[in-house]
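Shared between the two complexes below is chain A, which has chain B as its partner in the first and chain C in the second.
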Partner chain A sequence: MTAVKKKGSQTLMMADPPYIASWASIVGPKESEGPWVKDFDLIMEDYLWEEASWEKTETKMLRETIKLALSNQNLQPQDAELLLAGDLLNQIISSSFAAREINIPFLGLYGACSTMAESMVLGSLLIDGGYFERVVASASSHHYTAERQFRFPSEQGVQKVPSSQWTATAAGAVVLQKSGTGPRITSVTIGKVVDMGQNDGANMGGAMAPAAADTIKTHFQDTGKVSDYYDLIVTGDLGAVGMTLLGELFIQEGVMPTPNFSDCGVLLYDGLQGVDSGGSGCGCSACMLAGPLLRKMQNGEINRLLFVATGALMSPISTYQGESIPGIAHAVAIENI
Partner chain B sequence: MGPKSEELLKNAQQEEYHHLVNRVKPKPPILQNCIWAFIVGGLICVIGQIIMNYLLNIGLNKVDAGSLTSIIMIFLGALLTGLGLYDDLGQKAGAGSIVPITGFANAIVASAIEFKREGYIFGVGARIFSIAGPTLVFGFVASVLIGLIRLIMIS
Partner chain C sequence: MTAVKKKGSQTLMMADPPYIASWASIVGPKESEGPWVKDFDLIMEDYLWEEASWEKTETKMLRETIKLALSNQNLQPQDAELLLAGDLLNQIISSSFAAREINIPFLGLYGACSTMAESMVLGSLLIDGGYFERVVASASSHHYTAERQFRFPSEQGVQKVPSSQWTATAAGAVVLQKSGTGPRITSVTIGKVVDMGQNDGANMGGAMAPAAADTIKTHFQDTGKVSDYYDLIVTGDLGAVGMTLLGELFIQEGVMPTPNFSDCGVLLYDGLQGVDSGGSGCGCSACMLAGPLLRKMQNGEINRLLFVATGALMSPISTYQGESIPGIAHAVAIENI
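And now, the complex of A and B:
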């Protein structure tokens, strides 16, 4: 017995591809100094945005991004039927607390930095399955909430190494609809957890690159598409180091997506912003997609995009217990059709 | 392929990937970091020495001058942390600003600032030593061991 809409081992094809009818992104001060400032909907002037703690700020960022994404089509939060959201914090409090105020049915997700792709995978399946007409998929991260949870206090004088990455302060949301206009999600590939035994917390790109390679390779195998089918294949937050590693893995696997291959973590910042290997965090790929990338699709600069958000599925506890860092990546094919 | 050979293959693949990562990963600029650590760490010590000499000159004895110098250096480390400058210094100087007593002050004050929003008991109180704690624990252990050694050698 084969599932009708499943192709190959891990790819699910949309019978009636859902539309990305609108989207929005909110970013922090550092992200606004990068090359994409005009493509984000709102820039926070500081890291607190009139809130009493960074956690509260992240909740506000996510909540306002969701509202903005809907209001970009003149809709209210209650016009959406389901909210899918996730973030990096323990018990995904940013998402749950944002959902508390949005007041529509909510499913909280955790896929580390792959969450934006995870929420879009599930959202598009729920729409194509005929269960919903309009679903909001979103994700967020905040530099200082992530730092204190995964690393050091912000004022701690530690030296970063060149392979380390900078967790983005950003949130992104897309409104997926059964009908409407806009780019459409044509297929999704759900990734496997891949662990190549990496345990360097200062080189997340290295831990996640094998998962990205596996998902992208599987996507092409499953769909039978040639690797230059897409105008752009963009990974989530591999950073410069992870992207180089992914390139090497592509050569080993015989996949050659270059030159149309990049990474949100590499794109988000200017090289001179002191972010070492690049950006990371759920918000990194979320704001790049729900900002510059979808805008380029709207303008027709990109017509076929493979969005592959990547996540490192460790916690501080697993790291202290000597576990290696498992990676995951989900692919979402977005096309103007 | 049996489970044994599958595991061997996986290990071999992980090892191969590990080599690839090591080849690709940029190396930290060790020489540059060492020079910065030397300059900044040295400067911190020079400042400490200037304070110490001044205190000796105004007539304090050596023990009191030493204690007061430590107190002043800890204060300076804490102040620079509170002003948000010590982390920038640490990014440049690495061990040069971590090893001196000012770095210890930084570790404690940074934690105190960080966890203040969770309140004074479960925030500041519980987590103020989250970074400096290991130094204290093993410092105490070392002092006990050295105390025992001294006791045995003297008796």
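And now, the complex of A and C:
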């Protein structure tokens, strides 16, 4: 008995919903200044964490987050059967080099900032399908590796515009299991690429909002649920500007003028960190989920969560060549059942 | 009833082996000079194919290959339920922009030159698990996009060493189905990252060979098969240097001193194209599979094929920072049954 999908539907309902049996998150100094410091497993004191480069630090963050997520239920890396991971760096080196140390079968993913949801979509389907007992799904980002790769070297001090977002220094990992205890993944919606022609690289939230709207609308159409079914619907990293645009798209399409909606990019910081429109990066939604949000599910403060991580599928080269910024969003329904 | 995996095994045996119902490949001018010109669906007359940049050409190649693979059984993109794709470019833009036009649910992958196998591993599991009826798995590379991203601008005329490989200008796509006709995927082996400390970026075949050896050895251990079970075992893109090293590793480990073994990087060209050690790039194994090799399976010349695409999980940044080159390989068993 495996997951069920109606013909033409983008949503897969789990037959035997996999458990999120444990999780972990590691964040940087700035991320610890927000409202959630007690909900992360480890706070880095600086951006290098005793490594020789920011890239090596990001690898260490992801590797240690994966190990922490497993050790939170007294497991070792070799107790997991598959690692699904991705990040923002060219050729996803943070993930590949983390996987080298973790030393279990590995499949690398790239969904930009939607990667945490992508890894959970695949991980939960592979468990529900009966292939694996235990899979780790994970993602990371580091502010300074992303800045120098996608934008300008930080040392150059280029001024930001208000719609720009701060790539979070953060990693998150969840341990998905066929059996155990914990919140369960009940359905997933796999998104399409949506491109409304936005080409402003300093407004990624705006570029991703149409994809988020499309996936959320599709999730409700496919499942027949209404928006207040969930205690919280949380997008990945639209930031304040993107979240406002998403609200407009919702009202335009008559989907969801409800109050149970927020965004990890808005939630991660508290407005005093100079992050302009909010947080971004694979790690933003990854650490918010594998920290504060799953903690709230564990405590019963949230019982039904729709996690919708969003990604902007551009590169500096595609932008130089005049392309607009396509977005994608995948939804993961997590419930205490 | 879904796939079966023994505890501790990296190999998943399909319960109801998915069909490779159709496929397609598109290659560049140099690739058409080799022995397989009649086996590809489309030969590009030049490296731009009426596009303004090589990157846009690679997107077009992948998009048109996906459409051709579907149209080879009179289907349209909307007849497929999921697109799995990846490529070598930063942020896998070839795949993301191809997915924008194909406009079906999309999951982006990165496994370097192992990506074609990675996409088939996931696609076949998701079909065998009962989630989808029809999934497209695909990958691409373009010589000139890869050269300027990973090495030097071609205009600079940097001299190559004999162990270097030629990134193929090629794309391949297979249409995986729950029902239909054609060769079937009977099992898959998901590889681990293997790093023997090789750090010569001009000898990628050498860096990947240990991963290929590990995955092939694991496949035989897990399945209890012996190497001459397969009519052909074909690695992704080790090239002549890497293939020689793999042969040595096999003999060292007592695995397979058999003649039914070759490599897509060796096969793609015929030695007259100045490609040094052979072909490479995601498209090398993708076009060889979704062209000559599946054609031979269709004709019954090959009835049992083990396709083992290999990837070097480095980036220019990781190399600059002194890292060695980790490799990975995934195996896909394809049989006429």
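Convention: the second predicted complex is superposed on the first by the 328 of 337 C-alpha atoms of A that agree within 3 Å, B and C clash if a C-alpha of one lies under 4 Å from a C-alpha of the other, contacts with A are read in each partner's own complex, and residues count from 1 in each chain.
Heads up, the rule we're going with is that contacts are C-beta pairs under 8 Å (C-beta built on N, C-alpha and C of every residue); 3 or more make two chains touch, one makes a residue touch a chain.
The shown structure was predicted, so the numbers you read here are calculated from the model rather than taken from an experiment.
By the document's definition of touching, of the two partners only chain C reaches A:130; chain B does not.
Looking at the shared chain after the overlay, A:317 reaches chain C, while chain B stays out of its contact range.
Set against each other, chain B and chain C differ in how many residues of chain A they touch, and the higher count belongs to C. By the touch criterion defined above, A:52 lies against chain B and chain C together after alignment on the C-alpha atoms of chain A. In the superposition on chain A, A:198 makes contact with chain B only, while chain C stays out of contact range. Contact with chain C, but none with chain B, is seen for A:110 once the two complexes are overlaid on the shared chain. Residues 52-53 of chain A lie in contact with chain B in one complex and with chain C in the other.
Across the complex, chain A is touched by residues 13-14, 17-18, 20-21, 24-29, 33, 81-82, 84, 86-95, 97-98, 103, 106-107, 109-111, 113-115, 117, 130-131 of chain B. Note for the complex: chain C touches chain A at residues 2-3, 5, 10, 12, 52-53, 55-56, 81-82, 86, 88-93, 96-97, 99-100, 103-112, 118, 121-122, 125-126, 128-132, 149, 190-193, 195, 313-318, 321, 323, 326, 328. Of all residues in chain A, those touching chain B in their complex are 52-53, 148, 152-163, 196-198, 200, 203, 206, 210, 241, 244-245, 248, 277.
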